[in-house]
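Following this line, the structures themselves.
Common to both upcoming complexes is chain A, partnered first by chain B, then by chain C.
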Partner chain A sequence: MKKGHRSSILIIVALLLLVLLPAYISSSSYTIILISNILMYVVMAESWVIFSGPTGYISLAPAAFFGVGVYSSAILGEVLPLPVVILVGGIASFILAYLVGSATLRLKGMYFTMFTFGLVELIRNLVHWWEVNVTGTVGRLIASEDPLVVFYAMVVIFLAVLAVSWLIGRSKFGLALRGIGESEEAAAHSGVNVDRVKAVSFGVSAFFMGLTGATMCWRWSYIDPTTAFNMQYSFMPVLMAIFGGMGHLYGPVIGATIFALLEELLTTKFPYYYMLIFGLTMIVVIRFMSSGLEGVIEKWRKVGKGGAEGVAHDAGKR
Partner chain B sequence: MNILEIEGLCKYFGGLSAAAGVDLHVAEGEIVGLIGPNGAGKTTVFNLVSGALVPDSGSIRFKGIAIEGRKPHEIRRRGIARTFQAVKVFSNMSTLDNVLLGHLFGGAEQQAMTDSARRETEEILEFVGLKGMKETRARDLILANQKRLEVARALAARPHLLLLDEVMAGLTPTEVASSMDLVKKIRETGVTVFMIEHVMKAIMSICDRIVVLHHGEKIAEGTAQEIVQNRTVIEVYLGE
Partner chain C sequence: MILVRILDIVIGGLLTGGIFALIAVGFGLQYGVARVLNIAHGEFIMLGAFCAWTLFTKAGITPLVSMIICAPFFFAIGYVIYRILYNPLRSSSASPAVFEGNSMLASFGLLFVIQNVALLIWGAPVKGYTYLAFPVNVLGAVFSANRIVTLVVSVILGSAFYAFLMSTRTGKAIRAAAQDPDAAELMGVRISRVLALCFGLGAMMAALGGLLLSMTSIMLAPVMGMQYTLIAIIVVVLGGLGNIKGSFIGGVILGLVGYIVSSVQPGLSMVAYYVIFLFLLLVKPSGLLGK
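Then we have the complex of A and B:
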């Protein structure tokens, strides 16, 4: 626990720097947009881990929840104040995830993953159909918001997702989630209402993805189903979480940050080899660092303390 | 009074009848053994009672209330806890967390994660003989202790009926002896025990009553003495 406190303090200090940063470099909106973009991936990865980390259910649905957030924002942005719009995006995603989760979380392993993959396509096509047949438009125009507003909204969402992840990791609910990941059958026979716990945590995870979508919507001036429900928003958080590690709070944070910076660097410096280098990095990480960057960091910490007995058993409490 | 009453219980897997009209009961405070050859349907009966499977027909009453077809967590909260033939501990969690989960979720009333919940959990660990191992990861325990851990998790939140599915299988003779003591100790705390076992020595010496299943049907029932002398049981199971 003490270890956890120290890393939490580190994270908070880093956060303060982050919030103060734009004040010093306000001349560069590029930096602010870049950091917002990183925060977007950090929140997506961190919230993905809330459900998929402990339970081991690999969801490829983040793009669906992100897109629902984007569309909520696009539809309501003109009529409601910004914080309310963002919240509606989150709640809409929560409800969708809860309903879908209740119906499909019986599916195990690959079947669940395939379903979530299909869900993104289903909703994308549904929205497309609705636009063509009901509203008679394709896509929507959006009145963009000041990048600084988007940035601060993302900082708040980032703090919220960290706080919620931390609380879940130490709660009875988190214990049940880990139990489900270890043995769903044993958890059910120990009194855990597994269907509900899974559906609720799937919903909580989707809530933050919806908030993120509703916020990031403002950096575009035009959206359509292909932008909003881009599979990139499903694959990237998963890869980032695996890259960073899922046993601690900071895992997805560093994973997403490094990944997003890498993406930025590679697309600008090596546009032709970007995907190739990206893929190779992924293979190396998955093959040689099974617990992600976090595993390497934890090993160093242990060696520093003179005991290298492997990963602590409370990993997963985050 | 009968804590568990099963009548005409049937469960088919395709054309195979795993339970074909089983009638049996367990009285409060008893230790009842369920024996029979492999594939006789013993574990199926446990799965039906604990809610892992839904019966095709028949009734299961716990303290007079019908529970057949209910969800596993509902049945657990009503007071029926179980262990598994192939151990299903939460491998990467500490022994304390394994039992804590049962304690917090397994009771009729939901518990909060407090220090007193942890203390009660530690008491259960001590009761089953896992004192001093609360921080050990479950996967690092030897088989005998993993089985004890499953018993501890099942005992958390004080169930009224404990279903033990081969807790002694794969243990050394010394471990079997201490496991037998544990089962007796559990009964002394007021918990009714219904157990599947292949270790005959254990079943004969600790069970008040034994039920024998064969091809999903009950072929005999009685005290250990009656069972060892029963012609049908000798033919299909015990041998000459």
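Then we have the complex of A and C:
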């Protein structure tokens, strides 16, 4: 109990610092853009875990939902106020994910993964074809927004995704999700509406990805299907979440932050080395640290307190 | 005239489908038997293509000879990767389903490693070479000679592999491992060796597929692999997992569809692939020939 209080105070202090930060460094928009970028990856990873963490279904569709958000923003940005545009991006992604999820989530294991993989490419190719043959122009110009606005929007989305993940983890809905991950049949027999729970949680996770896409869209001045539906937005969140660990809320945050910073440091000068390090880290993490950085941290904490209970005890509880 | 047009489409589809099939057979071995959904499959195709380019433009070795040089090399790479990465992962994973998830994620890592090593070696700009590019008249339809060579070689490789699988002891072991790895092990099959063999063979076929592809005057770039991974996935699902004959038929069907669609509405062939793929996954995930 006491430990819980201490960590929540820590979290609140950290968040306050984050929100107040721009007031101190308002002269440098670089830092603000950097933090927005980190938050983008954090939200993508955290929202990926909402669905894929407890159920074990590996979705490679984040890029599809991110891209839908980007395009909603690009199309509606001129006519609607910003918060509405961002919300529309999220809702569009939710609807897409809910429909796709209802149709496909009965696919088992790897078949679902392959499906989501194809989905991103399908949408990207369709949008591209549409632009070439119907609108006649590939890509769109965007009137960029103030980095500070993007930053605050990302902070709000970040807080929202944390809150929603936390709530889901403590609700009956979250219990149902974990039950599905353990055994789908057993969950169905215990009265869980398996298809609905899966489709809704897939939709919720897509909602945040759509919000992120719709927000980050304003950082660019030009978008086309290749940038909006880039497979990197599918791969990165998955790998970051696994690197950080998925048992606790902070796992994906750490994983995403570390790699977003590394990307910032390396990507302009040594882009290939960055991705190379990324790949190697992935292999090492999967081979040797199955619960990610989080597993290591939890082990330290347990050792420090002299507790005998295993780390595995906490797995899945968020 | 109509007849020539149809012939043109059928042969064109066959020529594309032959390579698709070869690529898919390799992918099917890795997933159907070794249980690794190898997202990095396309990277081996890319490596094969670049080996052909390097040997041809720097050393003057023709791609058909390069195939003989590269085959054992890529087989060894695949074999070693399985032994040092996937085999330990298999023993440490709690269940086959967990292994499937973990091995797929590890293959992501592999994808990034291979792709970026290739970018460091060859750089990002596209490359290409021409080889056997003179026109050949096939029953009234005209194709370049290199495409016909690729089809002939793919068919030879495919049939050779099929014969190997059906008539040798090792082939039998592979088929047994595909059906039930645990039972195969109890029957005295050295399972980890057989699975490593499958992974190695898969990598080899990918590389050979890449070598053949590079002959057909396509643009080579280190990022080209992903699209072929996708094609391999689609063909394998189309033909049914672990079904060699199915992979060949699936490859040819996909080749035909791609060729027809791109001759009617260029730019939509990728979309057509995905529509078939998504439709099939929803209606009959076990594949056209599946039970």
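Rule of thumb we're sticking to: the second predicted complex is superposed on the first by the 300 of 318 C-alpha atoms of A that agree within 3 Å, B and C clash if a C-alpha of one lies under 4 Å from a C-alpha of the other, contacts with A are read in each partner's own complex, and residues count from 1 in each chain.
Basically, contacts are C-beta pairs under 8 Å (C-beta built on N, C-alpha and C of every residue); 3 or more make two chains touch, one makes a residue touch a chain.
These numbers come from a predicted model, not from an experiment.
Looking at the overlay, what does A:D146 touch: chain B (first), chain C (second), both, or neither?
Neither partner.
Of the partners chain B and chain C, which touch A:G56 in the superposed model: first, second, both, neither?
The second partner, chain C, only.
Touch check for A:E185: first (chain B), second (chain C), both, or neither?
A:E185 contacts chain B only, not chain C.
Which partner does A:N193 reach: the first (chain B), the second (chain C), both, or neither?
It touches chain B, and chain C stays clear.
Check the residue A:I242 against both partner chains and state whether it touches chain B (first), chain C (second), both, or neither.
second
Considering only the touch criterion stated at the top, classify A:S171 as touching first (chain B), second (chain C), both, or neither.
After superposing on A, A:S171 lies in contact with chain B but is clear of chain C.
In the overlaid three-chain picture, which partner chain does A:R287 touch, first (chain B) or second (chain C), both, or neither?
Only chain C is touched by A:R287; chain B is not.
Report for A:E264: first if it touches chain B alone, second if chain C alone, otherwise both or neither.
After superposing on A, A:E264 lies clear of both chain B and chain C.
After lining up the shared chain so the two structures overlap, which partner does A:Y273 touch, if you call chain B first and chain C second: first, second, both or neither?
In the superposition, A:Y273 touches chain C alone.
Please tell me which partner, chain B or chain C, touches more residues of chain A.
C
Per the definitions at the top, what is the overlap between the chain A residues touching chain B and those touching chain C?
Shared contact residues on chain A (touching chain B in one complex, chain C in the other): none at all.
Which residues of chain C touch chain A once you look at their complex with the stated criterion?
Interface residues on chain C, with respect to chain A: 31, 37, 85, 88-89, 92, 97, 100-102, 104-106, 108-117, 119-120, 226, 230, 233-234, 237, 267-268, 270-271, 274-275, 277-278, 281-282, 285.
Quick one: which bits of chain A touch chain B in the complex? Just the residue numbers, please.
My answer: residues 171-172, 175-176, 178-179, 182-183, 185-194, 313-316.
In their shared complex, at which residues does chain A touch chain C?
Touch residues, chain A against chain C: 56, 58, 103-104, 107, 109-111, 113-115, 117-119, 121-122, 125-126, 128-129, 132-133, 231, 235, 238-239, 242, 272-273, 275-276, 278-283, 286-287, 290.
Of all residues in chain B, which touch chain A in the complex?
Going through chain B, the ones touching chain A are 50-52, 71-73, 76-77, 81-82, 84, 88-94, 97, 100-102, 104-107, 111-113, 135-137, 153-154, 156-157.
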